[in-house]
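What follows is subunit A paired twice: with subunit B in the first complex and subunit C in the second.
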Partner chain A sequence: MAHEDHDAIYDLLAARGVSRRDFLAYCGSIAALLGLSEAYVPQIAAAVNRGARLKPAIWLNGGACTGCTEAIAQADSPDVATIVLEILSLDFIETLSMAQGEDALAAAEAVFEEPGYILIYEGSVMKGFDGNALRIGGITGLEELEHAAPNAAAIVAVGSCAVDGGFVMARPNPADATGVSMYLQEKGIDTPVVNLPTCPVNPEWVVAILVDVLLLGTLETGAILDKLDRHGRPKYIFGQTIHDNCPRRGHFENGNFVYEFGTEQEALGYCLYPVGCKGPQTYTNCPIVRWNRRASWCVEAGSPCIGCGSLDWVDVGAPFLNRHRDLPLPEVGNTQPNTIAGVVAGIAAAGLAVHAVGMKATGRTSGGAPYEEMKERDKKRMKKGGGE
Partner chain B sequence: MARAVVDPLTRIEGHLRVEVEVNDGVVTDAWVSGGLYRGMETILLDRRPSDAFYVSQRICGVCPVSHGHASTMSTEDALGITIPNNARIIRNLIEAAQYIHSHILWFYALAALDYVDPVKALEADIADTYALAQAAGTGVSDFGAVAQRLQTFVDGGQLSIFTNGWFGHPAYAQDMPAELHLIAVAHYLEALEMQAVAAEIIAIIGGKFPHFMTSVPGGTTFVPTEQKLDDILFRFMRLNDWVTNTMIPDTLAIAPFYAGALEYGGGHGNFLSWGMFNTESPEMTDRYMPGGVVMTGRGLTVEDPDPAQVVEFVEHAWYDSPTGLHPSEGETNGMFDEYNTDNRYSWNKAPRYDGESIEAGPLSRMLVSYLRGVQPVQEIVDGALAALGAAGRPEVLVSLLGRIAARNLETKVVADWSLEWCNELIEAVAGGDSSYFQPHSVDQGAGAGLWEAPRGALGHWIDIQSGKIARYQVVTPSTWNVSSRDAEGIRGPMEEALVGTPVIDVERPLEACRVARSFDP
Partner chain C sequence: MAHPAHYREAHPFIFVMTHWINLVSIVALTISGFYIHYPFLPGLMSVMRGMHFFFMFVLLINLAVRIIGAFTVKSATRLGTREVDTDIKNWLPQKLNRGQMWPWLKYYLFLKKEHPIGAKYGVLQKIAYLFTIPLTLAAAYTGFAIWGPTMDWGFLIAGTDAVGGPMAMRIIHYYIMWGFILFTAIHIYLANIEGTDPSKLIFKWEETEGLQFDAEGRVVGGKGH
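Right, the complex of A and B next:
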């Protein structure tokens, strides 16, 4: 791309109130998030040029705790102000909209009339009590979704609740909750849905997907669909397990474990598998992207992963602090490295000492590592979870 | 007579409908309706107590830390677990971070637009804005750049989250200078940064926010390193500076233009606090913000809180479970017939304390702490009362403006304590205390976690049988505040606070929205 093109873009951005430095910073971080090289930064930058008009977007809250709205407020590249002032025209979002009542709904209605907007959905789809488990503006949440979905260019289901009902659909599912894509399928509405699980959603993923569809134009070309797995999740985010990228992985391999919270082993940063870590079966890139502007993430704070990014995460993951002897085989996508499948299969099949599984099943030691003697502590505590 | 309906009430957590009856420009009756039923308490049945720590946080994505703690404390109460001192301090710190986060977010991102008109800010003179900021003793931003960003945004013609806002509404203080509107807009943007800094502290201690990971029954999984302690302290210092030098001066600068809001919005005048931030004593009344009950109808005095006095009614809510039960025996069986303000009209039950409809929140905590002689609370409240021309009259706090002031002043008190607690933890760790978790076995017992979310009194009640949850009930702050009418037809606290609110424009009842939003529901 020629320099003069750059300058034209920067002028346009300056007119929108975005500084050149800020813009390059967020294009760079976006490229990294999308797994693209720096070479794509000009392409991302150029894409901005296409849209003199901000893309209209609507954020609906279903059976939500508002945690995903909270999460998006924690984004920093770009930050939430940039998103709502200079990237999207987010004309309706219950938690942030200045407008109230009928006037707020009218703002949404104006967007619904013109096909092509982005619909972001937070929270479960509430089918209970004929949809009256959720009432907004005198109608049910179901009616709202059915009204908003057909004209949307795409729906981004943020957080596990929107993806499959999340914790709300955990047994006995008292409010008959489900996910956006499941509900739309029932109703025969074929708007594409991008699923971004975890509880709440990680804001970096929302930003990545918005850039993907808005700036790279992958929605219009259909390219976005090629980036999704069979559950509608972007493969570049949900293609590897937490275990794959965990900084504590080395301790797993070496058989160094935390058996009780708050101990010296935790101070040494040992592996949390025996206290229930669901990292081996949970497909997200949390260890890389981390949380809250990269401040930390669950395992770094001494907590086992509870698998909030898995489908049906509560019933699959609980009891959270127990090491699962029989892993329900997770939704293994097509992109899994063999090593991971090996770990999962190994754990499911074997009642072996954990460290031995780690050494052998990863296949990192060809022909199998010589098994260590089972540690005394392991023998005593094989069936124990972390706190109980 | 006219009925006005605001549905949805935006800029809150969750789904709320506010319906008011207006006579001669004043609200004479009100109904508030919670719009969502998920059945959390039913979902938790037959699971492990520690699972409730994680799952029950999902009740509220704005105050998950408090739900997590109330849940964990209920289990610890049931099983007789005493947590290590380091865990106590760490829990206070993560709660402090959440309080600061939540209060900043509420005041600037949620409530401020009811008092500040962004369009009016466009009329500001930049030089005068700097002068006003200095005179008010509040933070200076690049006001010119903010004004330009705002102008560019407005000129673009797409108003995003400001679409259909009630710009130029006559209830905005007409004498508030454009420069003060611009200062507030600039600080709205800064606040978005500061709430995220506070959330980073929660992430450092708790793994992530919302929905943190570490305060499991028995203590905490977080073992601080020197580096982590430094990361936490640095952020608390930055927040303390901003709260002290921006948030508090902003509050005091804007409040005089809305002095009329001292005259209404007080409601029943009944206040409950279970007490917040643990000292080494296990008593609720020994907490940094002690527990207490104030019934102003009986005078400005405080009594000790008694959890046995809580019952929940469901006559006007969509449940067919038995009514009038204590939460330790409570049931949650949803049913829906129709929205009817004469009958059932909300998913919110009606909790009552000693038979009274009672308010929860920062105003409750600050009043109880003030009356109990908590020194930093007395100092800051007395200072603010003097600044508002109400020196020596704490009773004026029972109002819309008082409720807002209490929340903002509490932010400063907590921000000061947070630095104290950082040092307390650093000294404990440096002194060789390396205990963070109390191992325990889980068999059976019943207990309660009575605690305070930023938005008020929170209780989790648990009954554990054979290591699993046999009964679980939660009474959230918004259950108290957004309560539907009870068996006697007595209004909930928010409904009662709405009565008497002046409304200039029935079609756009901004003043009623302010009162509802002041509870931070």
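Right, the complex of A and C next:
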């Protein structure tokens, strides 16, 4: 039986141009991502194969750009991850199923009836405008989420928007966007949420989590929750900084920097720290897992990391080509921290200079003024009391 | 004209040393800090970071030594005297400081002509020096919160989350540096504007003659009386 299943999946993969070897290599990288040894590869391959018969998964979209859907779907040439995701029984992807209209919604509804499905949520939760910033099938996005969340076995919040509101909640946040876990907490819904930030989400991570949750059974045993950090992010993905694993780190240590784009230093692939690389403050394993079928990733492609895997990432990282973020000063507007420091220091220096002129003018610069005979308050007391 | 005598008892040698170490550490941390903030010259990052990570421990150990010294070493209790008592007494409000905050402020704002009576340190001076302790601890806390080996310690992470992440922590650390720069600028200015005798003592441990005071803060003799 199991053997037939294996054949089935390899046929399916072969039909899409993925060889058995590619698939096993892919399962190997999932194992590595999950911190498992090579010995787990057959188990993962078998689990992916059985996948379709496990929990159904539903993909809903909140307020976002659908970039995460795009990253997963990669419509023109699906990669192993895409195919695996398909096999893993994604019953309904809201954006992609929309053309089917009412039928698709009815199919999703059928899944919602039956507790125990996995809910993948892309996009922010927009609380503003009474939730009317997003309407699907006649209800608000908020109603949809509140409807879908309680019966789910777990929610995977994909992309920074779903994690904490992402770019949608950047100042001034007109839609009052927030993340799934924050919203559910507000509503007292306690379905566990696995957060997978970055903008968009990396498909490899979604596969890894689905394998972990659906196939290795870590949800049932509760083991998945131990693998999450305090922000609900899997530690094995978000446990180290970009900077820790960056291939340009040697240039950083040696002080080989790109100070300006279009220079020789850029061509030499030097470290992007002075042009605002947020790698030192950003906790993701982008340099290891990489992007776009493991082809490359931001820094390798020559762009400083803009920190899209951080919480509140836009406000915390912008302007992206500066080392420090801007601080929003009331009345003044966005200001760089060193501008503020410079102004304060300038005022202080001017103050000291003026004071020094005063000290000189009052003749205090050679030994100070003569000392008072007694403290002022003792003098006053003596006056009042007419003596000691 | 009327400066107090500066005797070695005011700054026993151990405190001359801690002050020197403090000065060198702060300068090294500020230079390397500016470099880490923005590497203005190519080629020096590992040197600068190494310097930063070395002197941050020197600074903290030095602070610990200074605090232990406060309880174990005797130093002069006021200006212009060789009478000594446990050093910590100089850091708590002393009899001679009482009611003198306002006169000191007025003196520096040119609203009072005469030099207010003070103990070894005047009220404002005492507050400013003591302020360097929380400032150093804040530099350490924010620094360790962005230092690889310690950044995931629970009590540091709690702070990092509270301020809004590691970028915010870095900016706070950066502003603490500016806190040190402002303190040091004002400190250097005030320490030397009325003459360099205090500096001769704290740096070269060199005594200078001048006015002597009694326990009530009255001038009782010495050069210039």
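Here is the rule we use: the second predicted complex is superposed on the first by the 271 of 388 C-alpha atoms of A that agree within 3 Å, B and C clash if a C-alpha of one lies under 4 Å from a C-alpha of the other, contacts with A are read in each partner's own complex, and residues count from 1 in each chain.
Keep this in mind: a contact is a pair of C-beta atoms (placed from the backbone, for glycine too) under 8 Å apart; a residue touches a chain by one contact, two chains touch by 3 or more.
Computed from a predicted structure; not experimentally measured.
J.: Residues of subunit A touched by subunit B versus by subunit C: which partner has the larger set?
T.: B
J.: Which partner chains sit in contact with A:P200 here, subunit B, subunit C, both or neither? Use first/second/both/neither.
T.: The answer is first: A:P200 touches subunit B but not subunit C.
J.: Please indicate which partner A:N254 is in contact with in the superposed arrangement: first for subunit B, second for subunit C, both, or neither.
T.: It touches subunit C, and subunit B stays clear.
J.: In the overlay, answer first, second, both or neither for which of subunit B and subunit C A:H324 touches.
T.: second
J.: Name the contact category of A:A73: first (subunit B only), second (subunit C only), both, or neither.
T.: first
J.: With the two structures laid over each other on chain A, which partner does A:E144 touch: subunit B (first), subunit C (second), both, or neither?
T.: In the superposed model, A:E144 contacts neither subunit B nor subunit C.
J.: Is A:R230 touching anything from subunit B or subunit C once the two structures are fitted on A? First, second, both or neither.
T.: A:R230: touches subunit C, not subunit B.
J.: By the touch definition above, which subunit A residues appear in both interfaces, subunit B in one complex and subunit C in the other?
T.: Common to the two interfaces on subunit A: nothing.
J.: Residue numbers of subunit A touching subunit B in their complex, please.
T.: For subunit A paired with subunit B, touching residues are 15-17, 53-54, 56, 61, 63-71, 73-74, 76, 79-81, 84-86, 88-107, 110, 124, 126, 128-130, 132-138, 166-168, 170-175, 177, 199-200, 260-264, 266-267, 291-293, 295-303, 306, 308, 314, 318-322, 386-388.
J.: What does subunit B use to touch subunit A in their complex?
T.: 5-15, 17, 33, 35-39, 42-43, 47-48, 50-51, 54-55, 58-62, 64, 84, 87, 105, 109-110, 113, 118, 148-149, 152-153, 156, 158-166, 189, 192-193, 195-196, 199-214, 216-223, 225, 231, 318, 334-336, 339, 347, 434-437, 439-442, 467, 508, 513
J.: Can you check the complex and tell me which residues of subunit A touch subunit C?
T.: 230, 241, 244, 252-257, 273-274, 278, 280-281, 307, 310-312, 316-317, 323-325, 327, 337-338, 341, 344-345, 348-349, 352, 355-356, 358-359, 362-377
J.: Would you pull the subunit C residues touching subunit A in the complex into a rising list?
T.: Answer in residue numbers: 1-3, 37-39, 41-47, 49, 98-100, 102-103, 107-108, 110, 113-117, 146, 148, 157, 161, 164-168, 170-171, 174-175, 178, 181-182, 185-186, 189, 193-195, 210-211, 216-219, 224.
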